[in-house]
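By written order: A, B, C, D and E. Residues from 1 in each chain.
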């Protein structure tokens, strides 16, 4: 499969970093088209920075970032993003929040007014998939934190992005809802063949969802380990209770512990 | 062991609840002195409400709340609390934030000025325990979210409360730091014999730390299941990778799933 | 026939002394001259000068002494006085007997006097002082705002105030000061030989519409004559325009102005609206005591008689 | 529930209490009505001059609303510009602050030079005095959009304009409405100042004439009417704020 | 880095540009110096009257600072009371708003009555005009303490007073400093108004005398000095805000 995101030997220092220490240094990572990649690493190691680099929200001081064959010189215009903080607009209903990307991305932008019904139907089917059927008319602040996060996932998906960036999107959820959403993501990835980069602190989440797991070192971040996940797809939640799964998680833990010690 | 927190048949409706639906209804729960209790349940089921009732921040419409043998009619004055949101005061250094309870609780309040050094030493040893050695002079906003959360844990502990209320205190942490803090809590509980009530979404956390796990139903909240955890203490992190542990977590999952369906 | 629009700025609010203009409006004297006059009030007898100078107003009713000063400060703006309304200015020092002020100017020495910074009477103090040889050292001038000038005097916070005779006297009485305790030193009785308020027009208006200016002065003249004849009904025209004014007070004010300022012995003799050139020249000299001329004007450059109605139409008795 | 009732009647209790104390003070110390008239005297004057007061109050109201309307439109526009460009913001702040430090009383005569006596100077004074807080608040609201929200939109290819209109402006609405509460009282003060020296009608004009005529009770009656009108306009703006930006208040309650 | 420099020089560029445009407009349209003097004329007048302007400006400065100081002390105290009791807050708001709707120009004569001509009326006017925004902001800051923080303290047995002093007041500081920026310009306007009608010195007094004597360039020179002083005082307050409540600004940057 062709490489979709190619970050090569990138060093990035934030303009406002007072100490001048780079957030990431000599970072190299290649993610294939249609791949589900998970990135784990200690807090502050540069995971969010990696995402910003890959979407063109930040430009590297050194090295190159190539997405979809083109070097990134401006925001990429095709990525969907979801953060731990759901960042819904409180003055729009949940449905209107989800439709927001369509008001910006072409060709939807120019089609939106005439084909409203079609898009609304699509948004509602997404809401149903994440277990929020019929909640579209509520305002975000009428939903619980977890519900908002699910809605923000819908917002990231509505325009069928080719690249999906998820930055700890399941952080505030209880384990049930979280596992349900794992399945939603799994099915979505299977159906659309979108490239997904997931940042997470939860090793089980990474192990269940990803094709490959990248471990980052503490700041300045670098990839220190990479692990293929070979469980066959489609995966069932039950596999998380198998000894092989426990073993994989245990192994990842060990690797990260090593990386931490080295740092 | 004597009962320390006794919530009997309590129904609570928030004064500002527009629909008038109770947050908890006919809630009964008994927690023994020195016990480590974990409470799990879906979002919005009333876990935080239970904590507010137990600390006298809210008074029940019906039923009785008895803490330490006395019926609760005002804030209990002896509880330490930590939330997912660390609520540190940004204008105080981390150390001064941690010392805050001592400026309020007697007898420390009147002793604080003269015995400052002693208290500072204590705060610093707590900081060391949670892995924040030497960070006391920084301001909270100079720490990462996870570090702030650990500091807020120190704040909850500094005055050696008889009752410790933890509302998802490890939410925003990566799994390593989280597991380290599990061990801190475990040791602390072993050393001080404080009564701890922990609200969490993470079944593994509950299974590792608690003596008993209570499952709550969806709103209006009630206790629908209760499970003794019999792993011998002191527990090692390795037990979380044993089949018995996986089984316990799996069982808890099943119970909650049932409770959810019933609702 | 199209009416010529004319914007006219009063010196003050609609009070008794503005009666001639109100009468001219109400009786249609302006309309008869083909003029569509709007009259707006102002906050002092200097304001009409700057208003006319700015071009927003065509005609103003303001203090001629200020006009002289204005012309000297702004050499580019050519405003002219075309008709004298107050043959003697109402500038006065108003004091209280009980505070040791008497008709004798020297009684002012060492006293505390309320002197609003923007007051027209206060501006003439240098003349008064020089002519009457008053020793200023030891006197205190307090910048009191207009609204509190008379109240401060009534309360005894100051011994005297600068002001216009008709306003201050009546205001004091209305604050409960007995009339026989009030001493009015009308400056024109003390050698201050100035003229008072005049009708002022801009050069531009005078040149472009000389007929309109003439018509305006004719109409005002009729208003004055009517007012002199029947002050009481003239005041009614004022009351109509000021819904808080009280008739008896405004009538008293008007009568004071008619007697002290407008219909002076000189006016009775020579007719209303004109000047005595020698006296005017002397006034220009006296104004030189209050500030330094950049260039001392001639009588003709300040006042012109060319728009006045014929002398026989200007008789007021 | 009890608290709610208490909160509802508290304003009345306090206000009435204030006036009762004032009345008592006047009577006990026998204060001359020239210095400080008793509320009863003032109320009597309000009744006596009710037709004039109503007529002039309505005029002032229109002047205020017109100036306020201008300030809202202009303040929103300028605030949007300042909020979306840090450069323009930094550049024009000193000018705005400098202009704001000039007492508007000093500006009224200049307005009369330009526009003559009439409705223009009061309206413009109301406008000039009240647009500053609106600009500042709108600009702040727009400039403080959450960076994460901006990231989401920029990654979709949103232009600066998109971000300002889709996120900045709606987000600034609570700030905007907050500033309106300040602006309306200022506009009001502005139109009164304008009327005092540059109008033939309006409470401001009435005030000057009353004080020129030493009608002290009428002066205070005008001031009372001003205060009452001010409270009413403030209440209306506060109500608009609550109903238009409920999401801003409620989102906090839900948290 | 480049942006930072641009931001630093933008105020100068804009201000100078503004005055250049003004100068050009005056010359091109040949505007009479009496309607709108050109900046060069004004600057010339500033130079010519520099001794008087300096003397009076300092007086105004003292008046302003005294009134402002009073407003700060009183505003903080009242804000604390209003912020910690919803009942008192609800009760006294209409009175405060009503008082705030009264143009302070109308209040100066009353002050002169009570305190005579001198430094008291300008100081009091500055105080009266500027305390309102301080009260409102301090009260808001205290009233919006995070409920979770309150819970933590109440569970420890903290009294209402403890909560106000340990959390409410420090938390309100950014709001407080924000309001100071508004209050200082208002205080300034207040003292000028006070001086116009009740003082023998000060820029306000100079302004009145200059406009009475038709010295239009001096009037504008006074206004210019006022604006410049206003900007300086604003800048000082903004600087104090940044250095005293850095945590409020930086905590957002870190998030």
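Some points to look at:
Just so we're on the same page, a residue touches a chain if its C-beta (ideal position, glycine included) is under 8 Å from a C-beta of that chain, and two chains touch if they have at least 3 such contacts.
In this text, all values refer to a predicted model and were calculated from it rather than measured experimentally.
Shared contact partners of subunit A and subunit E are B, D.
Taken together, subunit A and subunit C share the touching chains D. Relative to subunit B, the most remote chain by averaged C-alpha coordinates is C. Here the chain pair with the top count of touching C-beta pairs is D-E. Of all chains, the one whose CA centroid is most distant from that of subunit A is C. Rounded to whole angstrom, the centroid-to-centroid distance between subunit D and subunit E, based on C-alpha atoms, equals 17 Å. For the pair subunit C and subunit D, the distance between mean C-alpha positions equals 38 Å.
Subunit B and subunit E have Cα centroids separated by 48 Å.
Shared interface positions of subunit D, defined as residues touching 2 or more other chains, are 109, 113-114, 196, 211.
The set of subunit C residues that touch two or more partner chains comprises 50, 54, 146-147, 151.
Per the contact rule defined earlier, chains pair up in contact as A-B, A-D, B-E, C-D, C-E, D-E. Every residue of subunit E that touches subunit B in the complex is listed here, in rising order: 146, 148-149, 151-158, 162, 166-167, 170-171, 173, 245, 247-248, 250-251, 254-255. Those residues of subunit D lying in contact with subunit E across their complex are 3, 6-8, 10-11, 13-15, 18, 35-36, 86-88, 90-95, 97-106, 109-110, 113-114, 133, 144, 182, 185, 188-189, 192-193, 196, 204, 207, 211, 219, 223, 226-231, 233-234. Those residues of subunit A whose C-beta lies close enough to touch subunit B in the complex are 40-44, 84, 144-146, 171-178, 201-203, 241, 243, 246, 250, 253, 256-257, 260.
Residues 32-35, 108-109, 112-113, 116-117, 196-200, 205, 208-209, 211-216 of subunit E are the ones that touch subunit C when the two sit in their complex.
Against subunit E, the residues of subunit C that register as touching in their complex are 46, 49-50, 53-55, 66, 69-70, 73-74, 76-77, 117-119, 123, 141-148, 151-152, 155, 157, 291.
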